[in-house]
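Order of writing sets the chain letters: A, B, C and D. Residues in each chain are counted from 1.
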Amino acid sequence: MTRPIRVLVWGENHHEKHDEIVQRHYPDTMHGTIAAGLRELLGESAVVETATLDDEEHGLSEERLARTDVLLWWGHMLHDAVEDAVVDRVREHVLGGMGLVALHSAHFSKIFIRLMGTTCSLRWRQADDRELVWTVAPTHPIAEGVPQPIVIPSQEMYGEFFDVPTPDDLVFVSGFSGGEVFRSGMTFSRGHGRIFYFSPGDQDYPVYHDAGVKRVLSNAVRWAHQDRERVAPRIGMYRENDFHTAREWDGSPL
Amino acid sequence: MTRPIRVLVWGENHHEKHDEIVQRHYPDTMHGTIAAGLRELLGESAVVETATLDDEEHGLSEERLARTDVLLWWGHMLHDAVEDAVVDRVREHVLGGMGLVALHSAHFSKIFIRLMGTTCSLRWRQADDRELVWTVAPTHPIAEGVPQPIVIPSQEMYGEFFDVPTPDDLVFVSGFSGGEVFRSGMTFSRGHGRIFYFSPGDQDYPVYHDAGVKRVLSNAVRWAHQDRERVAPRIGMYRENDFHTAREWDGSPL
Amino acid sequence: MTRPIRVLVWGENHHEKHDEIVQRHYPDTMHGTIAAGLRELLGESAVVETATLDDEEHGLSEERLARTDVLLWWGHMLHDAVEDAVVDRVREHVLGGMGLVALHSAHFSKIFIRLMGTTCSLRWRQADDRELVWTVAPTHPIAEGVPQPIVIPSQEMYGEFFDVPTPDDLVFVSGFSGGEVFRSGMTFSRGHGRIFYFSPGDQDYPVYHDAGVKRVLSNAVRWAHQDRERVAPRIGMYRENDFHTAREWDGSPL
Amino acid sequence: MTRPIRVLVWGENHHEKHDEIVQRHYPDTMHGTIAAGLRELLGESAVVETATLDDEEHGLSEERLARTDVLLWWGHMLHDAVEDAVVDRVREHVLGGMGLVALHSAHFSKIFIRLMGTTCSLRWRQADDRELVWTVAPTHPIAEGVPQPIVIPSQEMYGEFFDVPTPDDLVFVSGFSGGEVFRSGMTFSRGHGRIFYFSPGDQDYPVYHDAGVKRVLSNAVRWAHQDRERVAPRIGMYRENDFHTAREWDGSPL
């Protein structure tokens, strides 16, 4: 009856080509592994595809985005290689209602910074910290069925202050063995779109194979999905008692 | 020119009478030490007094509350010994605009639970964890001049899920050496009053001597203070175009 | 596959017995009309029952609440007639994960005040204002498919300041022809439960027949429903590295 | 003892040169009038200057911003005439801790859109609506001493949906005689800076002469001001147990 959620997992696909550790953890690439996890948990309720930086228009053509309900984004070393025109296009679709799930180092992606308006900077350390992901909003749909806590034996440390706007919902907070903490799961609304940021998932650790992390991502896809016309909010003049006809300055209907 | 902030530090004063460790850390009592820290940092901008459970009406008479701008509350073992009539009175003053700073185990005080509406439960462990208190809202007045992080060498662990309503502002998040995290500094508005909860401060550790903690508490007093008439919001009927005359059901002015 | 949401619409059932206007607008009672609207929109995805103040234990026995996923509450003149034991029981179920939708004058119900912790007071006027209900959070599930604005030709005015805690989400804001505004749709989390307050719906106007209002309430039921074990958060001591065994003070498992 | 707050009121200064109505309402220009209002209420606690689009570098040189604590921004027709380099510079200062108060049609200024990340679109009507500005957060410092409501006899209508991120604090909500509502006073944090948006203030009405509006703006200046080093958050690598030395990728101190 309801059609499946159309999901697109975007990966930078750089480490997969150059780093042996990444190849060992992710023989099917990082985006491929993330996509497989979503297929496993969402089953027939979703159709999951992948795209990478290497594809034409980075696999993010207007036509492709128009038939994407939720976009997941993993990038790290090559943020600058993403073309501005593509970033503008993705932003327009998010404002129009496409869901966006920004993963780990995507905190520094062009699209995430554009949508946040801040530096999106943080503190970090590559040192095999144990990360515990704690649910602080147990009523949130993204936390449903997620272990308390998710235990990630080895991870890059991401710590506060994380310079993002106050989120709509703070769902997860992580603690690292070095003592740092991080708001690791946060939701934001921008225009008509729902955004979820989730920090676990460095390329050097097999985080996307973790059952709890897979549960978070599949919950996030369901949460970020909306069944609505893809159109961003826009300015309109409205005459008194006509609440439905948006007009130009001169009174002509938009 | 502006009169000093009138501060009242309320202490249960139980451990001070019975526990040797507490006596060693706090020869001047816990509430006395907290008060001294406020006097040190607030100087002439505040007048700081103390009251305890042992005082008549727990030192919280109507008259006393009426001349209190900000009340700090530390309690632990004897929450149930606080009389309901006093709790009602304190609540009325908070709703009327008195600031409240709830400290550590005051999460389970009658007054805090009443104002939150939740169970205020949490996870805990008495095991000498190191607590790091991280600022996640650097623009908040309570975080001004506070070290990033505050390092507390030994503390009781308080961990999530902490069952309180979503705060107005999440100012501090703590990480413990055992891996747990805690939303350790949060603000709430209730009626006309401002409330700040701050978790560091167990009786078995000399936390209230810490310079960073003293800074947080003095900032919190300044933040929680308002110069306003002490009156709680109340229902009123208003005739059309008369926005200022609150009336009873029958139209008579309140 | 998934079982239907079990919904219980609770009505005070007082005006229905005494006021001719109410009887004319709601020949099937107010709670009966609300229930019918939910059945119309939720279809087989929900089983909707009703209960009233007149029923034994107000129709809210432990057994009844245990098999209720979402409770809607309409009360007005007889808030005080609701027994405290029943209020305690409902609160426990909300904290344990039962959804609660508080309607209109339920802002002054015992259960709502207990869960909010504030006075829940507001300004009001019984004077045939037109109420426009505007969506200010178009990405929120409760706003899905809701007209912008909902036009309610005649309604009691509810105006600010509405003394409730800052909501998790502000979904709707109403404007009245007299010029007042009201945060008319707000969500709150308390314990493991989701709460939605929605203000349109005075007994003297046929508001619950409105298609937009029906849509809001059916969305709210879906949103407030959770598939989880009914248990409120509770305090627990946890040993280091054992994140899953909640214990008593003395170390014995809970 | 504490030095005065250094305030800069920035005006587009276009209508003042071309529109007779504006000249009649604001013989001293709009920015001049806003500045005079601030001087009246802040007295010796602030030094208030003005700058306009016409000035070299729009009056917003690096040196000028470096000695500005709070910047107020009014623009309307000539948003596009503001040079991108100046917008970048202002953004950097806001992220570094400079306060920003965005006024009315500044919702569509380059700087506001950059900091919000959304379209910042809204509905509007130029039709002499009466605007009532209601305080919904009476404990907020910006609401202190502000009339409930502020009555503005004639104003341009700004209505929802206003496409901005969820604010940190919703302080004011306006109702218009046409029935529309608007979140007219909101705070946002970005980086180390505090931002306040306040919508009353169209060029065609003498809004900035209103005592209540002047009170809001002077409160906002006090609230937005911070005494801190002007530096934006930036990424840093931190070694374990060294929480204070930010480092580059290679370990060298920043």
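Heads up, the rule we're going with is that contacts are C-beta pairs under 8 Å (C-beta built on N, C-alpha and C of every residue); 3 or more make two chains touch, one makes a residue touch a chain.
Note that the structure is predicted; figures quoted are calculated from it, not measured.
At the far end from subunit A, in terms of centres built from Cα atoms, lies B.
Note on C-D: its contact pairs, compared by residue number with those of A-C, B-D or A-B, agree for more than half at A-B.
Put simply, the C-alpha centre of subunit A and that of subunit D have 31 angstrom between them.
Along subunit D, residues 132, 137-138, 148-149, 159, 161, 166, 168, 179-180, 189, 233, 243 each make contact with two or more other chains.
Every residue of subunit D that touches subunit C in the complex is listed here, in rising order: 130, 132, 134-138, 148-149, 159-162, 166, 170, 173-177, 179-181, 183. Per the touch definition, subunit A reaches subunit D in the complex via residues 95, 108, 114-119, 121-127, 159, 161, 163, 165-166, 168, 178-180, 188-191, 232-241, 243, 246. Note for the complex: subunit A touches subunit C at residues 97, 132, 137-139, 144, 148-149, 151, 168-169, 189, 192-194, 226-228, 233, 243-244.
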